[in-house]
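Presented sequentially are two complexes of chain A, the first with chain B as partner and the second with chain C.
So, the complex of A and B:
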């Protein structure tokens, strides 16, 4: 190091929060190209703009996905980052690792790349930063030898991810890690070989707290839920009643006002419960999701590009994913295939499924993929009389 | 390597069973309850009576191989060689011996990493690549987050807030990650028209794709010097960069025009209220590296106002819903401008069709 003066980045080595600059420096102490990463970043801080070039195809043979090209716009000044590409690597569901595997990944990252990772990228991939096209194949094969594969990029099924689920959470209403692994492997071709108009994301959360943020960013969001009664332990309720005001912090916060706490007895009118999780999360020793567990599917969430951000709407209020697990998730994979066929038939370039179904009409879309209309798909029914009745179409035909 | 018959492809997702500590394998799907036993430490109790202690560590996400090796060593010393990461990029050490919590925490702190991020804290900040490694970024991501968390460090290690704050940073409106549903969402924005390079456009871009990329139909085909190019209607363009994403001949980064917007009150969980996007609080602050003091101040203003005003258990958005947006702008001192009134798709639904108003 010392090759580039980095006064602005040096400032970010100070302070209590762990410093990314120190991490880059630590990698740069072993990797010459990463010295130039520091140099280029300092120049960005001076110039006030990014210095990465737009575009450039990079990849491994047989895959159209998994490697994101990064070429420097100023390679004369920083030759080490002329090529400094990213590999997206499918992570372990639940993000569990062993020390042995982490060391092997670190060795690969040192040998073929810049000695630096993102643990993890926003979508949930392990990201290895800083290799050239010439090194991509060896990097890929070294990963494959220890059981790791590349993830999705471009107009592909992006690497699905899961919350920790039943591995370490009593609220998980289905086995998120199992579903994530099986379903990703079933659709592995769509991960590696982009077949779509644009990206497609699937994420698995075990309960409506949604720790993977699937409802805000996955085209198809799988969120665990139960449909019978919340289990209540009155003795534990009594213990909580000694530590805080249950009326104020639980009963009054219930969005459907279906809880009462009178004369020491805690009751829930489950018929009106919307499964928001507040009471359970506030008194985890006393309350638990019921026994009839499954999942809800929300569709169409996405970030702003192109036509503005969307949250996922409730496509299917209950689906028995636990039974489907026994059937190899065949209901789920069939449904996804129907959604993709619909997208294929009606979509446009760079149009996400959420944008398409809005353009096409949610009701029409549900009819095409074979899901019955139900009132939970809307906040409230239509308020205008501009109804396009089917019989009108039939007459003209 | 290189021999055709030995080439391995399509191995798929690793089998997580190879990576689970014994206590998790033994109690998979059989957990009874969990609670926070001290800042940064969760206790999970299984039906079997087994107890698992998870020590959560804040992370800048970008980690060197040697730091990963240090974490691997700690996992071997204290956790039988197992660890995990969270969906917010924390590292979590999974302990079965309660006595090791303080020893491990001490070693983590000596490495320069904090333990915390659980309960009513500012959790680990999700962020994107920024200038460090992205070609469309309008700001750096790691730098802004570092500057903010240096100042708000205590809020990560101790539960000082009425409820949790989820903060996230996206370095352009592409918004990699779940930025838009955060309690405090920082989004880097461009504000300059793309500069069209005719020569590059003809060589590198599909013109119909460029025209179609614009969400407000601001791009039209024109002839310049007898050759086909495009022009942008500057009255319509809002600098989203969609055209640049499909065509490198239309860059829009500019030191004096790029900066950040701040949105507040988003929420992804279904607890109590429905998930919702964050809403605009501050339309624009200039990039001011290396410490972005104006951005740090604005975030501190929001955190302070929330901490002072919210009732126990209220998230930022719930607090603002209760007091109303006029009071929010009054308390924070942020100016309410025409930019705060939505004019994009669905904007009609955002107006106040009533007489309800704090006066």
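So, the complex of A and C:
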């Protein structure tokens, strides 16, 4: 790419696969600063370290989040990337865009930034890369003109995100896109003006396949489930039986061992089904989620930073989100507010909600936010012999 | 390193205008920095600036943004922290980290982005 020699990056262009280096070079053919991005990247491969400083105080008027600062550690060498900030832009739930919208976004990205964007960052945002603080306001205003707004960063409610849900997926147990949009709009203040001790993420998946990985990556995950029985079409089962070994690939792989397949009859003891989706995903034409659909809420998942990674715990095994939709998600927003009030009351700086609940005890937490514990949320039932049944003892006396 | 000229003194600041040597801070400097962003410091601004400086002296770190919101809600007799948080952006439109901390002469807050 002319200005900088980039032998290591060139390696990453070999082969017939897409290459991010090739994409950056295409952007660099129109953007002077992005030429320096290539140079700096080559140097960081040589030196074996990243050459970005962490964070930085950048942003637009009235917002405390949405712009992530990226400053080069070696601006003398690569002046184009002295400031090369990232804007997080709220995506459209389900990630549907018209080609016209994409062109307009691309034009903004060429005009005010380094000509590169991310669809989408792991946060679920559209990310526009490579602008300076001086350009931030104009970039933001032109995004607003075509109906886009900034997302969350820092100690904010991070941009909620959803799987494609009912728009294209037969397994969706609720309207993920609608829920995501409405709830984002309701909590927009918390997205734009960081009010917390640390970040908070909400993700919506329509079924336990969990395409947004919400169960591992969001403080509050909303995962579609059903309450009744998995629907079985025995004829279709018979068709599958002709093509592969159902015992080996479905029955034996059921984590709760609740399926039987005897004399051509496929049955599920649904009481023990943990809704892992394995059987349904393996034989989608024969099996379908039940009809009584809703969502479960899990709380407290997070990535490793500060206190190690964790999965969420089951807060509500079944929440009737389809009914709550008719009430404008008021149950959900009230519950979230109570969780935040609890966090506010007891949290510490940079402590995620999952860590706080562990420190405080799940029982105490549930009592404070006013949720009755449900037997289904106990991870290992009947293993502790030291249980005192006050009421029963009273009765005997 | 960049410098700003103030009352005939050269004061060292980082790329984003945070002063590097906290002992160079004076109330006049705060007024001066705010004016550059087009902001007149009112009594409420000053209460927050003084409070955050005290907090920093005690703890050697800036308070969590949650505490700033609480403090603002208290100072302005607002009903809750949420309102306090909104009020901060009326007082400091670029947000507490980019304005309040800078005018108070404290070191740039670090944190997760």
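Basically, the second predicted complex is superposed on the first by the 377 of 397 C-alpha atoms of A that agree within 3 Å, B and C clash if a C-alpha of one lies under 4 Å from a C-alpha of the other, contacts with A are read in each partner's own complex, and residues count from 1 in each chain.
Quick note on the criterion: contacts are C-beta pairs under 8 Å (C-beta built on N, C-alpha and C of every residue); 3 or more make two chains touch, one makes a residue touch a chain.
Please read these numbers as outputs of a predicted model, since none were measured by experiment.
In the superposed model, A:62 makes contact with both chain B and chain C. In the superposition on chain A, A:285 makes contact with chain B only, not with chain C. By the touch criterion stated above, A:349 is placed in contact with chain B and with chain C alike.
When the shared chain is aligned, chain B comes close enough to touch A:147, but chain C does not. When the shared chain is aligned, chain B comes close enough to touch A:167, but chain C does not.
In the superposition on chain A, A:197 makes contact with chain C only, while chain B stays out of contact range. When the two structures are aligned on the shared chain, A:305 is found in touch with chain B and with chain C.
When the two complexes are overlaid on their common chain A, residue A:216 makes contact with chain B while staying clear of chain C.
Judged by the touch definition given at the top, the superposed model places A:132 against neither chain B nor chain C.
Looking at the superposition, the partner that touches the larger set of chain A residues, chain B or chain C, turns out to be B. Residues 54-55, 62-63, 189, 305, 349-350 of chain A lie in contact with chain B in one complex and with chain C in the other. Note for the complex: chain B touches chain A at residues 1-2, 7-16, 18-20, 24, 28-29, 31-35, 44, 52, 54, 58-69, 71-73, 75-76, 81-87, 89, 91, 112-114, 126, 128-137, 140, 142-143, 146-147, 149-150, 153, 156, 173-181, 204, 209, 212-213, 215, 240, 242, 244-246, 248, 251, 253-256, 258, 268-273, 275-277, 287, 289-291, 312-313, 344-346. Taken together, the chain A residues at the contact with chain C in this complex read 54-64, 68-69, 71, 133, 153-155, 189, 193-199, 305, 344, 347, 349-350. Of all residues in chain C, those touching chain A in their complex are 15-16, 18, 63-66, 69, 81-82, 85-86, 88-89, 93-98, 102, 108-113.
The touching residues of chain A, when paired with chain B in their complex, are 8-9, 11-12, 14-24, 26-27, 30, 37, 41, 44-45, 47-55, 62-63, 70, 84, 86, 90-103, 105-107, 109-110, 115-124, 129, 137-138, 141, 144-145, 147-149, 161, 163-164, 166-170, 172, 175, 177, 180-181, 184-185, 188-189, 192, 208-213, 215-217, 249, 253-255, 274-278, 281-282, 284-285, 303-309, 311, 348-350.
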